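Following this message is one structure expressed as structure tokens.
When the chains are written out, they are named A, B and C in that same order, and each has its own residue count from 1.
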Amino acid sequence: MRYVQFMKHPLFSRFARISVIAGLALGGVGLLLFTLGISPVDIGVTLARGSILSLQKFGHVLTIWIPLLLCSCGLLFTFRAGLWNIGIEGQVVFGAIAATLLLREENLGLPAAATLILAHILSFIGGGLWAAFAGFLKNRGGVNEIFGGLGLNFVAQGLILWLILGPWKRAGVASMSGTEMFARELWLSTPPGWRLAPAALVIACIAFAATAVLLGATRFGLQIRATGINPTAARLFGIHPGRTGLLAMAIGGGLAGLAGGLQVSCVYHRLLPSISSGYGYLALLVVMLAHYRLRPVPAICLFFACLAAGSIQLPIVLKLDSSLAGVIQGACVVSALLVHGLQKRQRGEL
Amino acid sequence: MDPATFLAALVAMAAPLVLAALGETLTEKAGVVNLSLDGTILLGAMTGFVVASVTQSLLLGFLAAGLTGCLVAALVAVIGVWLGQSQVAVGFALTFLCRDLAYFLGNPYARQQGPQLATLPVPLLADLPFFGTVFFTHSFIVYLSFLATPCCIYFLYHTRHGLTLRAAGENPEGCWARGIDPNTVRFLATLAGGAMAGLAGAAFSLAVKPGWGHPQGCEGIGWIALALVIFGSWHPLRVAAGAYFFGLLQLLGIAFQDSFPGIPGQIFQVAPFPLMIFTLILIHLSRNTKNRYFAGFVRLFGSPPPRGLGRPYRRP
Amino acid sequence: MIELANISKNFGKVQALQGVSLSAEAGSIHGIVGENGAGKSTLMKILTGFTSRSGGEILCRGKKISLDRPSDAMRFGIGMLYQEPLDFPQLSVLENFMAGEAAFAPGQARADLARLAAAFGFVFHPDNRVETLTVGERQQLELLRLIHGGARLLILDEPTTGISERQQEQLFAALRRLKADGAAILLVSHKLEEIDSLCDTVTVLRHGRVAAAMRCPFDRQALLQAMFDSLPERLSPPQTATGKEPVVEFDRVVVTVGRAGLHEATITVRTGEVVGLAGMDGSGQAVFLKIAGGFLPPESGQIRRFGRTLPNGCGCSRDVAFLPADRLAEGLLPGMTLREHHILAARGHIFLSAATGLAGSRRAIDDFNIKGHPETTAEELSGGNQQRLLLSLIPDEVRLILMENPTRGLDVQSADWTWQQLHRRKAEDGAIIFASPDLEEIMAQATRVVVFYDGRIILDTPTAATDYHEISRAITGEAGTTGPSDEVGRSGLLPD
């Protein structure tokens, strides 16, 4: 009896669920590797060496962690409002474009610091507007946010290509390798020996804290949640579901745009066609694995960032494709969905 | 380029897209969104190429690709239909899982010579002027894509199972009341759609863009197929027409590259998506308008989605 | 043909049916009547295999059968016409006619449809989409489909709600004809006129039990008495302190939402009134409340609240509170705690901590006697406690309270207590409008009774000037004031 009681404790059940999900995903991938004649242990060691076992590599992990965390925070807003913001990828791209708009101007007549601050504000606004457009299409045009967002992703991708190959091309040559580098003083400053700008790390942490406060400790957060849970009932509380959803989209898109702006200002220092590096989509996987909760997000972001950074070593050390990281990430999310579904069935909700 | 060669290239290029988009049409008509299409196609392309390379049998390659598509679709159906989780979530996660799995598993076979589907000119018909070149000098998978549209239409609108499938997508409760289990229908429709997407992948790696690599060259096709299903508003004929239209845009993009260097060819890749959004807006407006002419006009080109699309069915 | 013996059904602790027995003979029409929630629908769903039964037996031609799923029922020739037709709106008439049949023969089906339609005097264009049809036409189509599928026992659930007079006549003619052909028919209805003119036998259900079984000709008085709980003629008469100022004014408001919609409703509710809306489920009360609350814009007509016309007829404001019937699905936020509900309902509180609103929530829980604590989530509460929570969420400045089934799921004491609270809450310059399936409640609490029948206001009178019998007659459509139905087929398919 004691034993059963113990198993019913919420802490235990949560821990049990996490281990079942992880076991299922990692076991599955391990089995696959084993049948291919690859030692999962080698893989594990290589991934760890490439991510957390050296300070320099860990800096690289953090450069991935920052945009991933920003995008995940944005998605928490939209998921709380019951919206599936698949358009986040385009919002990252749009934020990057908005920041570049300012950073590539040479004679703005503003001090560099002011330009940088303005550029990041502009990237927030850019991403927010792009997301709000998807929300507007949903509210007024009856376009589901999934299909609308997906479409706008590709439109943003087309736009960035056009900009890089057209109006913003490097002097003389149009090349997929991106625009001209920005002036040196417009790079977000990185101390010698660092891989990342401390300012970016601070921005990401502030954004996470702000998300936690806004969603968890304000009336606005409650209103977003109410909209997502039950729009009909939300109206009885004087909440306007359409407007609240639009606002959630705008904030979520803004955070994604900020991620794009940081990619431009502190990682690449120019606009690239693949500026988003798929972090928007990856963030969707993060939030799904976190089961749309706030607390596990930083840890999962870190785990995913470690996988992404460590996998770069795979081709060098083991002659394997680096996409194994994506396999592990995807397997985690699919097994999480499977486990949640089975639990739902067990509870008799199906 | 003379018109006949141009059109022949067009139908050959659009063949995998037609297959994938029609497969997704079947799935969505039954009320399930299989968002994993992009990953399924890549995984199918990889499996098809590897199996065909290893066994030196193109047939086995295509079969393996179809089976792979089925397996992925089965995961979508089990989690999204029977376990009642969000179909969008599981489809999305599988898109990335399949894509990366394809790159990882296919890595040892990248940039290798492999078997390639030969063209099979149809005797007699291939000698027809113009039409012979356009329609009858292709590989078997292109002929399959020609057949897929009429077969799909026949199945959906002229057979009992097609009617049952549409009914399950329209109103699962009504289906249940008529003694049909909508979830079984949905499961099977998802499998069929997945198999077609897998075949489409093999059509890329074994015929249209032969070979395997990272990138393969068919990335993004799945998303386009998804957009085309909406653009064609869930009717096989319009969906197939959309696929050929997209092929045309791509070819024109290549053709105009020289004359208009200012417009990058990739812009044409993006064209289906604004069109898809525009279609959805038109359909939405036509349903809320009092203007009968406008509504009737839109009806010609588009119809609303199946009513049960994406909504899981729970037995009362 | 079909015999039900001792059928019982419970949903959790709720006993929906208890030892119900009835039999449907071939070549006869059997009526099933009863109040809302008497168990009619549950009984029919058991017969069609949609729901499983908890106990009892079903006999078909003397043999025990099991009905686990609708396909079983179809095999035994049982077919049902649901109140909300379970058809496929975007598919064509012909496809709807064929869906679910074992054979696929469009040509044959087209001919069969034409033959059957002609036999019953229905007109269909086989290639039109079903969504262009009226409810009556969709019903006719379902009827033909069931007959074509070989149904020998037809179950009809409130078939005449929301259909035109002419369609009703056609339906009755069809039913009589089917009866002559030897089919068994179960007619679920609350319209005594229909029961009178069609049925050979009738079973009255009340609170999940058989209250009476009668043969034609029926004694109406006895039927009514069996249907509704007998009541003392007058309960404590509520004081009528009707003020002058109008709170809500409806001016020829029309909507076509739901089965019956709302048909040219004109009514003025003044300050101080407590208006009870009576009628069978779906006769228009729910739609009326939604419009009054500003949650549904009218298609034509005007609404004024507190003397102001609502912009586009829609818009919620803080001086109106609405308590829906389906509390968890429409009124509360499952997954959110009581404290969070109270924070949302109150003003202020921009930033929240774990202690925000705790005191207020505790007070409300005490005041309204909710069995829970501030961190209980809404879905963990029982139905009665959910209702108390909804009551505790009504802001102080509210002048108009709209309610559906205010005391459903409450025991007598809590119901009394709820009403005390409501009367206390009702401001001098405010009003309460509530819909209830419970006539006793309406008679006891309302100062004015409005009865809905088929989307129309059929009776509107001060409670003091009416009695229990007049209201129950009005509910069953016997006020004698029903105007001629002027709904016509939207698609223009029906000949005049």
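Heads up, the rule we're going with is that contacts are C-beta pairs under 8 Å (C-beta built on N, C-alpha and C of every residue); 3 or more make two chains touch, one makes a residue touch a chain.
Just so you know, these numbers come straight off a predicted model, no measurement behind them.
Engineer: When the contacting C-beta pairs are counted for B-C and for A-B, which pair yields the higher total?
Structural biologist: Answer by contact count: A-B.
Engineer: Which chain lies the greatest distance away from chain B when centres are computed from Cα atoms alone?
Structural biologist: Greatest centre separation from chain B goes to chain C.
Engineer: Please compute the C-alpha centroid of chain A, do the same for chain C, then give the distance between them in whole Å.
Structural biologist: That gives a centre separation of 47 Å.
Engineer: Go ahead and note the Å separation of the Cα centroids belonging to chain B and chain C.
Structural biologist: Each chain's C-alpha centroid was found; their separation is 45 Å.
Engineer: Centre to centre, by mean C-alpha position, how many angstrom separate chain A and chain B?
Structural biologist: The answer is 28 Å.
Engineer: Please output the residues of chain C touching chain A within their complex, sorted ascending.
Structural biologist: Touching chain A: residues 295, 316, 318, 321-322, 324, 329-336, 340, 343-345, 349-353, 393 of chain C.
Engineer: For the complex, which residues does chain B have touching chain A?
Structural biologist: Result: residues 75, 78-79, 82-86, 88-90, 92-94, 96-101, 103-107, 214, 220, 223, 226-227, 230, 262-264, 266-267, 269-270, 273-274, 276-277, 280-281, 283-285, 287-288, 314 of chain B touch chain A.
Engineer: Which stretch or stretches of chain A touch chain C in the complex?
Structural biologist: 217-223, 225-226, 229-230, 232-239
Engineer: How about chain C: which of its residues touch chain B in the complex?
Structural biologist: Contact set of chain C toward chain B: 45, 48, 50-51, 69-71, 74, 80, 82, 86-91, 95, 98-104, 106.
Engineer: So in the complex, which bits of chain A are touching chain B?
Structural biologist: So the residues of chain A touching chain B come out as 36, 84, 86, 137, 141-144, 146-148, 150-155, 157-158, 161-162, 165-166, 174, 281-282, 284-285, 288, 320-321, 323-327, 329-331, 333-334, 337-338, 340-342, 344-345, 349-350.
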